[in-house]
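Below are structures written as structure tokens.
One chain, chain A, appears in both complexes that follow, with chain B as partner in the first and chain C in the second.
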Partner chain A sequence: MTLRHRQAVHGHVDGNALAGPLSELFAVDVTAAEGRCVNCGLTGPIATLMVYDRAPGMVARCAGCDNVVLRLVRTPDAAWLDLTGMTWLRVQLPTTT
Partner chain B sequence: MGIVSPGFHGRRRESAGGLPPGQYLTNDFPVLSAGPTPRIPQDEWEFTVTTESGREHRWTWREFLDLPSETPQVDIHCVTKWSKLGTEWQGVSLDVLLADVETEADYALAHSYGGYTTNLPLDDLLDGKAWVVHRYDGEDLEPEHGGPARLLVPHLYFWKSAKWVRGITLLTENEPGFWESAGYHDYGDPWREQRYQGD
Partner chain C sequence: MARLAETRRETETARTLLFDVPDWPGHLAGQHVDVRLTADDGYTAQRSYSLSAPDQVELAVQRIGDGEVSPYLTDVIGIGDPVELRGPVGGWFVWRPGTGRAVLLIAGGSGIAPLMAMIRARRLSGDGTPFTLLYSVRTPSDVYFADELRRPVPGLDVTLLYTRGTPDGWLRPPGRLTAADLDPADTDRDCFVCGPTGFVEAAADLLVAHGHDPRRIKTERFG
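So, the complex of A and B:
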């Protein structure tokens, strides 16, 4: 099933759709990072979020409770990133010595 | 009795020449959504106006249908740049819904089933400029387009026309809604191309 096909059935795609837009902001692939939903406490990779991108911006919702975890709006000269739906974000980094 | 908003009648065009700046014409009706589509049975639907003092004015679906309705024919303009001309709706003017509401508020925040919100100056909901609509093109409004009922405020970008509307809170101070708190313009006039904050 393609991403677009999945969207036609469920109205959303998965969090991997955030990889390109977030790569404008972060030096690491944030979709591999883990986050915690502020509403229900579900923890998991950003890639597992449900992303609604047929909208004025990208809206990523928790797969457990539908709560908005992340919003990203790209204007012509800025990106607005709202992470108030997330308690924390854990980004795996190379081990330091 | 059907009405046509004079402001939009004067601007109606069948060509792109009459579109607001940066818009293109579509004959489809694109579905945009920031979340799963709520499925609200008509007999569970309610619409509530809450004043700044907390006073509530509530209508059930049946009470809403008993109000005098209008059939606005208007152009709609989405901030994602599509416009659709001459759309036909049926619903109740906010002038009717707010007629007996006592308020000193200058602002309104519309709430939807599913959690969506959008803010508007109260004046933009009055004087024949806004409706709660439940029918589109002669049919009941589909859930994908905001049914059972949605707000219709066609002189502003369409994100202000909240789908699945369940109420309006009247406020003495402006409170940004879902998109307005994430970079979109607070007012959203398509003719002044107010898409983003700072436009």
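So, the complex of A and C:
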């Protein structure tokens, strides 16, 4: 079965599936954070990205324009995180006084 | 490291697994864990499963025919066996008691798991917010948590939507979720939709077309 065929069979999941892998890198939950797509400007929670995970890494695409927003590859001793598809990431934090 | 403590059969192809996890930090209703299995030769496979209870490490797992992880969890693992769990993770698809906003839950198949955690969290916290569950399943024998969902809880309205076969005398013909299954007068709700990708996208589109605020619709797809 080719990769394309497998993905066609299994379809994509969504950004909720990034929560575990990203928890290795970040102290806060990034899936609830909002990001902006560099291609179409759509803004929304990382959890709403379309995630293709039946591959050597995880590829997250914009739900509005299909642009690749985030890629994450885990090797035995490192994580590669590509965020070139995202203009910014807004993480909600507790209010400081 | 988690150890299997108890199991319950939910359907012919699904069971609920309860794990003992030392130092579990607690979790929010709707969060999930990543389960990682490692073979003797070092090959690893990982899948995400929603926690189906707010106060215990409980997973409801459906056996996928060609799956690498689910058949082990539904048919092989025994009481006391260890499993590697990462979590709780996920901070978006969660429900917290005390919002005061009515909730609409829409589940497709085993997508009931995180929504069940929300229903149980509502009951445990004494939250009186109205909850409506629309639960799409193929046939009556595919209903998870059937006994619990049959028991009436004040303020929780459960509607089963059968897609292939119904109980005798059931008025709604078998079929997928349609606009007719939604209450046209009741769109002021926080919505949580979980299920297979196609189901979730169809349900979310229906909600938006029906007048629900897209910003109040949270979705979780499991492929």
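The rule is short, and it goes like this: the second predicted complex is superposed on the first by the 87 of 97 C-alpha atoms of A that agree within 3 Å, B and C clash if a C-alpha of one lies under 4 Å from a C-alpha of the other, contacts with A are read in each partner's own complex, and residues count from 1 in each chain.
We adopt the following convention: a contact is a pair of C-beta atoms (placed from the backbone, for glycine too) under 8 Å apart; a residue touches a chain by one contact, two chains touch by 3 or more.
This structure is a prediction, so every number in the text was calculated from the model and none was measured.
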Fit or clash between chain C and chain B when superposed on chain A: fit
Contacts of A:Gly57 with chain B and chain C, given as first, second, both or neither: first
Partner chain(s) touched by A:Arg36 [first = chain B, second = chain C, both, neither]: neither
Partner chain in contact with A:Gly11 - chain B first, chain C second, else both or neither: both
Contacts of A:Ala78 with chain B and chain C, given as first, second, both or neither: first
Which of chain B and chain C A:Val68 touches, first, second, both or neither: first
Chain B and chain C, minimum CA distance [Å, superposed model]: 9
Common interface residues of chain A - those touching chain B in one complex and chain C in the other: 11-12
Chain A-facing residues of chain B, complex: 30-37, 79-80, 115, 159, 179, 181-184, 195-197
Residues on chain A engaged by chain C in the complex (per definition of touch): 10-17, 19-21, 23, 28-29, 31-32, 45-48
Of chain A, residues touching chain B in the complex: 11-12, 52, 54-57, 59, 61, 66, 68, 71, 73, 75-76, 78, 80, 82
Complex contact set, residues of chain C against chain A: 32-34, 48, 86-87, 89-93, 196-198, 218-223
